[in-house]
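Okay, got some structures for you below.
Both complexes below contain chain A, partnered by chain B and then by chain C.
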Partner chain A sequence: MKRTAKKTGRRSPLASVALLGIGLLFTGGAYVVVSQTANATSASASASASTASDLVDEGQKLFSANCATCHGTSLEGTGSGPSLVGVGAAAVSFQVGTGRMPMANQGAQAPAKAVQFTDEQISALAAYVAANGGGPEIPDESLLQGNGDAAHGAELFRTNCAMCHNVSGAGGALTEGKYAPALNTVTPQHIYEAMVTGPQNMPVFSDTNLTSTDKQDIITYLLYVRENASPGGIDLGNLGPVAEGLFLWIFGLGIIVAFTVWLASKSN
Partner chain B sequence: MTNSDQRSDEDAIDVQGGYSSGIAVIDPEDSFTDPGIEPHRPRKTDLFPEAEKRSARTVVAWMVLSAIGAVAAIVAYVVFPIDGHDISTVRPNNLFLGLGIALSLLALGIGAVHWARQLMVDEETIDIRHPQRGSEEAQAGALEVLDAANKESGFGRRTLIRRSLIGAAVLTPLPGIVMLRDLAPLATQGGDPAELLRHTMWTAGTRLTRDPDGTPIKASDVQIGSAVHVIPEGLTNETEDWLNKKAKAVVLVVRLEEEDLIEAEEKKSWSYHGIVAYSKICTHVGCPVALVEQHTHHLLCPCHQSTFDVADGAKVIFGPANRALPQLPIAVDDEGYLVAQSDFHEPVGPSFPERAL
Partner chain C sequence: MTTTESAPAAAPRTFIGKASNYLEERSGISVAVKEFGRKVFPDHWSFMLGEVALYSFVVLVLSGTFLTLFFQPSMAEVEYHGSYAPLSGMHMSAAYASTLHISFEVRGGLLMRQVHHWAALMFVAAAGLHMLRIFFTGAFRKPRELNWVVGFTLFVLGMAAGFTGYSLPDDLLSGNGLRIIDGVLKAIPIVGTWLSFLMFGGEFPGSVIISRLYMAHIMLIPALIIAMIGLHLLMVVLHKHTQYPGPGRTNNNVVGYPLLPVYAGKAGGFFFIVFGVLVAIGSLVTINPIWAYGPYDPSPVSAGTQPDWYIGPVDGALRLVPPHIESVIFGWTFSWNILIPSLIFGIVLISVAIYPFVEAWVTGDRREHHVLDRPRNAPTRTAIGAALMTAYSVMWAAASGDLMATHFHVDVFLVTHVLQVLLFVGPVVAYFITKRICLGLQKKDREIVLHGIESGEIVRLASGEYVEVHKPIDEYERWRLVDFTSYAPIERTHPNADGKITFGSRMRAALSRWFYEDRISPVKPSELTSGHEQPESLPDN
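Here is the complex of A and B:
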């Protein structure tokens, strides 16, 4: 447009608009650059602080609407649900992030189901619960990469977890309808949070019992089992001798019976 | 001998009807009639030469398949070697080697059976079952021999000798059974195996350490709702007879709300601020009991579903176990670490003959 103006020697009616636009763009761009370089740390800190308090407010609204019936309006718990004071952000992330909460109905155990909230809503709920009593925090990403010591993790898993969750994490039954869920589709973050918080009837494995490195090793082991095929052949879900025995009784014996029938039948 | 004579007479009467009725009541009108043998039906291969040729080709095809399987197994063994350092190489080796051998054997068998069913001579014959009962003479002869042996030996007449012989014969295997006691692994260390079963590695002042790392545990480290799997301090893989020692000494430490604990008066001092320690060896048949539920305080044995209540002295609330899990009395030392006050006050694990109930 400028070029047109120079050629004709006359100002285009759009020239002033263009000039204004360029001026605004320049000042705006300069402001962005300056504020990003000069005030980078303080600006982001104040931004996250304001969003954090927004998050807690947002979380409180969500909590009042979805959780307070059972857990009480101020997290104190009722006859239908435990107190959530001090359970921490990790507990919220696990319980809501795996769809266990809100519970569909009262039962022996809250099963994992479709997640009912978005990640932002879960963060808000977690921020609200953490702001009222603290508790275990959401683990650092670096602990969840599966880059620990798988052998040590396996040893810890066998001692602390395998009796309920099965030696390869395939899960198992507990008393009166309760069960230890299979771990082969659980995300590393949820595994870590479950250890720290002890959801439902699982015992708590706090950092004073299993350190964060121990937990990293256990996650490494579980990811190793998940990603490496069973060297012995078909694992039949790793459920152990009962499943394997049933398979042999039905298919192994079935084949033998079929052959016997064929052997003894008259040919046509 | 007269008794057996009578019995054989009765048997003889029964057999007169042609069969032994035993105690069954047979109604002649309702009895099952022998359907006879169904008429012989010639096979397709006997009737049509093309069918016979086809069957012969099928048999040959199975034999060829078997040979292919054998060669494939050898090829698989060479193509998929097992690398000693890489366990994942075992699977293809086993899979293809096994498939080859299975095909080879199975095809051989199927071919042979097919040959017999379709092509070998198809004659039906009847083998009459020979009578199981011996002839009268043979039976009488056997009785004569027994009778003579009895008379000559005096076995029936000399009752004192007979009874002493039976008595001695009953006692003869007993030394072997008594010697089974020495099969107890602990007996190899000398001493009384029963006495060794009564004691574990725990002594007064032994620190409770984490299994398997062996790090000591501060009382303040055990949160409410925690479950810690514990071995005695100093128990490592290098300890002599460590597996047996560990199998007796493993302990589960849990911390409950103090008001949830139901404790017998004499055991009140055995816990520490809601921290209790129980033997992890089931009193039923000795499986490790470790499936602990945080809120119900139930401790479940995975082998036979014996369930213990950790809050109430680990008493049995379900399942085949008969005794509560033994409790390890614990205290805290000067540095705040959990220690045992003493060994268990009763033997851990299942009952054994010398254990007073």
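Here is the complex of A and C:
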């Protein structure tokens, strides 16, 4: 069932829109549609998971249904996915919470896509992985409020992150088709988790590199940039001089040339 | 203008009359007004591109003067306590701090900065487009070769002004750019390091470069630009304007409107249009958000660092060259990976500058030309232009290879390799395609002149045969289509005084053959009369 739904979805985007529409009509919520593709059996179980061990059990179930093919039944890893022993709750929360996992198809880099699990399911998966090897934890809420020192964060961002993510966080290309994504929509929690776990080609910024306050400052800066529109007007995607040059040639010079044509034609 | 030579007899009574009389008696200005006022300018939109560059320059001077009131060209370190929170408490140069001050505290300062920078992009872009127009219409031919060189100098000066200005705010992005310049300087064999130390007053980045660039940016280069603009316009007046082929337009006249009042009125209005468009863009669209880049510091380098568009091709050439090609000769390191791209860019620029002389030599054409070529009627030149444009565009595209990679989800190496191949294959392909298109269009023109335009009307002749009626074109249109000269290649190579055929003349003959070999001659009057017979033999309907 999972298979066929995916196939038609790939064949025609309209078909998936129609499916989604029908799904919404008949079941009364996007929740069902999303969890249906992920795992049909898990929806009822997650609601009842309350205690810590229940959570781990629940996580294990989800894991063996969705992740074990690649990461192994006991997190040991397989030919198609690395070992997850010791990657920590933060890594799971980041990878699953941004939709990168479960990975859809082998490519240069697992891209962020629509999230396939509910928050409870993600916590369950994270609890399960953390219970089997420890590792970086989900950051404390207090570090994610954007109330640190933006100026210090900006400086840290320029020295530690700009070479891959671009000074204004617009993203950049890495080798072999890999890329550092733009940072304008990532949630503070995922920013923090990306730093402590170093997904894929990103280095790990452990607490000896950047203390938790430093990380808080970086988040503060990124949130500042996001919440305050460019004082100069339309920002052209913060892509720098190339975007500015294209804008000038297409719009600036385009408008001027239209005026010249108008002026020259009036006299005839 | 109310005054004339006989004015003293009847003393002027109005204020303007009195004022101009006062001026006239002290300067004899009416002679100049008459001379210039009667200059005739033909009307075509493409003749206004040079004006756009001129007006952008005026906007640059106006907005730049405003900026000098607040800008501090100093690299002295200061601590920032202005209104932009994400930089507060940071150490930075006074230049950067003052640019932030202009952007956030000076009333209208950010607008002025943005207008200045957009106008800089517009200045070089309009000059470039203007140059393309001159090139493709053959307006650089005798007697205007020197003015082509002056115009070319203006384009290069524009790039220099842009680059020096771009570096002034001393932000991270422009600092990265300067670092590249430093690298290019240092790559010059033997003297490179000394040159770099000379320019930066010591090891990069030093503490003097901003004030030196400032001197060049607001004094030296603008002064040169103004001098060149003066020379350029003077030559335009002396040579008179060229015109597109058309009825009554010959090599000995100019058809159009006098400068005063028609053209001056239009031009004045057009200045405000250009000014208005630049201010509108400057107030709506961010350019060079230096606050987002942070102060210059040699350690961080940002992804996606690029220069302004007109320096792009240099950056692109540096990105396209394969890495690691270096050799050590007698203990001197030769960094070919930097020298070759700089050389290629230099060669492209120089070949643009000397093109008119090369073409005149190759074609042996020493006549004066005041009527423009339609690009299709000079297929080889048009094709050369298309090839050069392609090479330039590929280098330009290479400067944003990383952005193409992330936006189209392809490997950045793949983009680089494709562009490397395109740099060599693209121009050749562009050359042949363009030439074929031109020849095809010329053939079409010939058809139209000889047989008229297909009317879509099918007529049955008495004999039962069906033919399509071709409507003859009117004489005005025909003039446009036949008024050009098609040259034959220089076939004979003349022996010189010693009776030898020199290598030079042999080469010239070969080049001339290449230039003129494929050609389609314009319709001759004799052909025209015979061509007309066909539609006339049709029955009247």
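Observations on the structure shown:
We take it that the second predicted complex is superposed on the first by the 215 of 268 C-alpha atoms of A that agree within 3 Å, B and C clash if a C-alpha of one lies under 4 Å from a C-alpha of the other, contacts with A are read in each partner's own complex, and residues count from 1 in each chain.
Throughout what follows, a residue touches a chain if its C-beta (ideal position, glycine included) is under 8 Å from a C-beta of that chain, and two chains touch if they have at least 3 such contacts.
Keep in mind the model is a prediction, meaning the values are calculated, not measured.
When both complexes are overlaid on chain A, chain B and chain C end up clashing with each other.
Legend: residue contacts after superposition of the two complexes on their common chain; A:Leu156 is shown touching chain B, with no touch to chain C.
By the touch criterion defined above, A:Asn209 reaches chain B but does not reach chain C.
Contact with chain C, but none with chain B, is seen for A:Gly177 once the two complexes are overlaid on the shared chain.
In the superposition on chain A, A:Phe247 contacts chain C only, with no contact to chain B. Shared-chain residue A:Leu263: touches chain B and chain C both. Touch criterion met: A:Asn201 reaches chain B, while chain C stays clear of it. Taking chain A as the reference, the larger set of touched residues comes from C, when chain B and chain C are compared. By the touch criterion defined above, A:Asn238 reaches chain C but does not reach chain B.
Touch criterion met: A:Cys164 reaches chain B and chain C at once.
Residue overlap on chain A between the chain B contacts of one complex and the chain C contacts of the other covers 155, 159, 163-164, 172, 174-176, 180, 230-233, 263, 267-268.
The part of chain B that touches chain A in the complex is made up of residues 41, 43-45, 87-88, 90-91, 94-95, 113, 117-118, 210-213, 217-218, 220-229, 254, 288, 290-296, 298, 300, 302, 305, 307, 318. Those residues of chain A that touch chain C in the complex are listed here as 108, 150-151, 153-155, 158-159, 162-168, 170-177, 179-180, 221, 224-225, 230-236, 238-242, 244-249, 251-253, 255-257, 259-261, 263-265, 267-268. If you check the complex, the residues on chain A that touch chain B are 155-156, 159-160, 163-164, 172, 174-176, 178, 180, 198, 200-206, 208-209, 228-233, 262-263, 266-268. If you check the complex, the residues on chain C that touch chain A are 43-49, 52, 85-90, 103-104, 110, 114, 118, 121-122, 125-126, 129, 172-173, 257, 262, 266, 269-270, 273-274, 277-278, 281, 283-289, 291-294, 297, 299-309, 312, 399-403, 405-406, 409-414.
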